[in-house]
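A single structure is presented below for examination.
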């Protein structure tokens, strides 16, 4: 079997298909997802897996050149904001409504079991060359 | 959205289809899975989600009348054995080879991210009436 | 098998996929359904199952933050209006034509066997966190 | 829309396909269903719809020349036995294990929400000419 | 098997799905059918089955609240016009070009083997309650 | 459109695929059809289309080198026997049970609306060269 | 097998589906084909089969009420122009660019192995009644 | 577009998949084809394309290490026998019945429009290294 | 098996479908690919296969009448620019942003393992006749 | 996009699905592949990509506990034998015929462009825990 990294078959394929500027969303379990992007459902139950677990696994596998989060996360979900500050200190803020408008153009949405508000991020892929 | 319980769409459907005596397997991420059973892939990375997380989520949702585990788990994976003793104290033991022979007749295999040896269980469904 | 709740496989999956603000319609058996939403067909025969049975089953499983019904229900179908007043006392009223215009944007339509006029409701999902 | 009778699209198609001697099973919600027959899932929740509701709907639509039930139903589920005595007084009895062995050769299984033991019947189709 | 009525599996399912105001077209074998509606092909050869046979079978099964035919049918196809006058005396007339423009919004087109001009009708479904 | 002959799209394709010795079944509407052969469903309602209509249409389109019917047809269905005597005077007789055993090896079953007993024939294809 | 005519299964089905005014294109092997029409690929190698072979086969099977070709065919491909003059003497001429603009609305494109310039025709179907 | 060779998309893919010892059948239009091999249908009408055209196109594209034909071809179809003698002088002979028994294990059957008896060959692929 | 040329099954089929003026893109492994074109994924790992390997294989198989590359390739990727100058000396230059805007209208994108910047080309197909 | 490793989407998914004792085959471009295993086609042209390139990429990604090669490789293909000796010094030898018999039970076959004899290996997966 694989030595490590992402073990999920459908997600592995989706990550392998990503190109420069494609957008990947890590979503809490309640985010409404429009038609358009491929959705990989990792949500088992509330908190399994967490937003941080999935974000960390993805950042280890893909190159990210920028990120966007909902401004509301800072006040409403300090735990999630701390995770974002640690992993994506340069992430820009938009309103939650604006963030949702970005979803239809994403290539991939990874749904986690995170059950806390505004725990979502839109990652924009870079290339390693 | 759902109030709680299992959030994974494909897994929810698979659980709703189970009948009396159907077998469900909770598997570590390295178990070889034969053709036959439906496979729901929850494995994200090593240890995400754990065997115990997924087992607990399933036991809360379905009626189980008996369970089978590999006898090797007791010596080789005491943490997993403790989880099993706590949730399924009456689980019977067979050899790991015998356990693998049961897989082809299972209705459903739920693959977790558990990365420890012999962390597998075959659950046999009961009915609540 | 499952301990209780929704037993229908396709419906279980559809409910697990719902997010905040997604719309779910509980429909009588004669509502014309536009292309767009996923349709789960529960209608067996006139009155089997009833609107109330299905509505109660869904409300037990999902978080609902608001609801819309046809204003015509109050005069034309007092039994159904009583069910709605009991379960969804704050449901807003629109004309039946306006209600039908909401259908194309719904995520899910659950078709019941209810054979009485205007027995339809559009539910807007909330989140439990 | 249809004037009456069976309203369920997939079930209507399945009934239209039946021929002489084909077998149709009306099943409680916990019957384990082997691979082979087409399965139409009508089970919404415990008791919705009931075994009697679905049986009556099917008998109104198809010609049945014989029926088989589990002998256990008489002692364990007198309500269901009464329904069977009323609608299918000539139904033959086999053991529940024998009944389950008949399932793989059935053409169609209609799963109800009935949540009481041994509420299953195997119907053998006749022709009206 | 079924006691009578419509025996065609795919057509049975299509009829069961119809709701109030949905449109069903009964078509001669040469009508050009746009993308959009579901098409059930009953045309075997010229005249098998006839327009009248299929129209009568459908009217026995579904509630129709209004109908539209091509005005050209009266002069060009008196046999078909007589059938229409008998079964749908209130059918309104539009030009053949206007009738064809209605097809894309139909839910279902049933293609017969009728080989005579303008033998087409657009039925609008009603409800029996 | 086509100048004549078979107008049914799926049936046209199935006939075009036939080779030497392949078997085609023309069936009444109640014949139980095993898994295996492709089934083209022409049955609209009892008697629409008839066995004779479909048989004549097929014989005009394909080369047939021999035919088999149920011996019971002669006594039980003289009208159908007369049709067979006229079109396939050399058809051999087997018991209805034997005829049904031939179905699983057929390439194609064409289901008619014929609602009279034993109105079935197994045609064996020849080649025109 | 079939007595003659078109032997290709997919093409037979496509021809059977055609109605009045539907367009069918017979194309050389290099014509760029837009999304939209069904494409039946008969091209084996350069010149196998020829444009004339396929055109003749189609004209024997379907009713054509008008045809359009590229004006360039007369000067650039006299052999093909002669075939067209013989079979479709009334075909109208448009520029090759205009002809290509007609392709997206065609119902069917039949791709031949013809390897000569401008060997394409758009046929408009008529009805035999 | 391609510079030459095989132009048929599905056939190109099938040829690219072939490995050492895989069998390819070139078939007349009346050969009965069992389930198992992929079938590429090139048959347009009687004699279009011919057996020789397709055989030559395939031999130019793939490595063949041996071939089998029906012994009956020599007496019954001298034209085809001459083609075989020219292109595959070492082809071995078996009875037509034995040849048909080889079909189920073939990887690919290419159906031509050839309408003459015993015009079939089973090619066994070699490798160019 | 094939004597040489392109061995990839899906790519062989895609090339066989190309017509005059259709566009084929040879892409480095990081190019973002919009919905629309068929994508053949040849990328195994960084540099396997190279842009030059795939470009050479395609040019040997298809007729190309013009090509477009990103102007940035000349300064940023001299190795790739040298390959392009050698194989496609007349390729026109547009900005990388303009090149990406051409992708949605391409018929086919062939993704290589090339991991160097701006190693992409849009080929426009010609015909050999 | 991904930081490195395997870039091929379908292959990434296939590798993520592997479990303990599952078999993966790295194959030259001419190996006949039986029905059963999933096949990922990487073969572009002779020698692109090579056996060594693909083997190295897989060994970096998955845990392998044993390997089997054809004994003939040592004498007939010393370059490939050297690659095998370097990467899989403990690989066991069986005859080429025996090796081919192992293919049907493999989970995955990765087809390379290698065009040299006996360049195949059957890898048996291990687990890293």
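Things to note:
Just so it is clear, A, B, C, D, E, F, G, H, I and J label the chains in written order, and each chain counts residues from 1 on its own.
Throughout what follows, a contact is a pair of C-beta atoms (placed from the backbone, for glycine too) under 8 Å apart; a residue touches a chain by one contact, two chains touch by 3 or more.
Given the structure is predicted, the values throughout are model-derived calculations rather than measurements.
Chains making contact with subunit C as well as with subunit F: D, E. The minimum number of touch steps linking subunit B to subunit G comes to 3.
Which listed pair repeats D-E comes down to matching contact pairs by residue number; over half match for H-I among H-I, A-B or F-H.
Each chain gets a centre from the mean of its Cα atoms; for subunit A and subunit J, those two points are 34 Å apart. Averaged C-alpha coordinates put the centre of subunit D at 53 Å from the centre of subunit G.
Centre-to-centre, using mean CA coordinates, subunit A is 31 Å away from subunit C. Averaged C-alpha coordinates put the centre of subunit E at 59 Å from the centre of subunit J.
Within subunit I, residues 1, 4-11, 17, 19-20, 22, 29-30, 41, 46, 125, 127-128 each touch two or more of the remaining chains.
Taken together, the chains touch in the following pairs: A-B, A-C, A-I, A-J, B-C, B-D, B-J, C-D, C-E, D-E, D-F, E-F, E-G, F-G, F-H, G-H, G-I, H-I, H-J, I-J.
Those residues of subunit E whose C-beta lies close enough to touch subunit C in the complex are 17-22, 125, 127-129.
Interface residues of subunit J facing subunit H in the complex, by the touch rule stated above, are 30-33, 41, 46, 115-117. Taken together, the subunit I residues at the contact with subunit J in this complex read 1, 4-11, 29-30, 41-46, 48-49, 53-54, 57, 113. Chain contact summary for the complex, subunit H toward subunit I: residues 1-20, 22, 61-63, 125-128.
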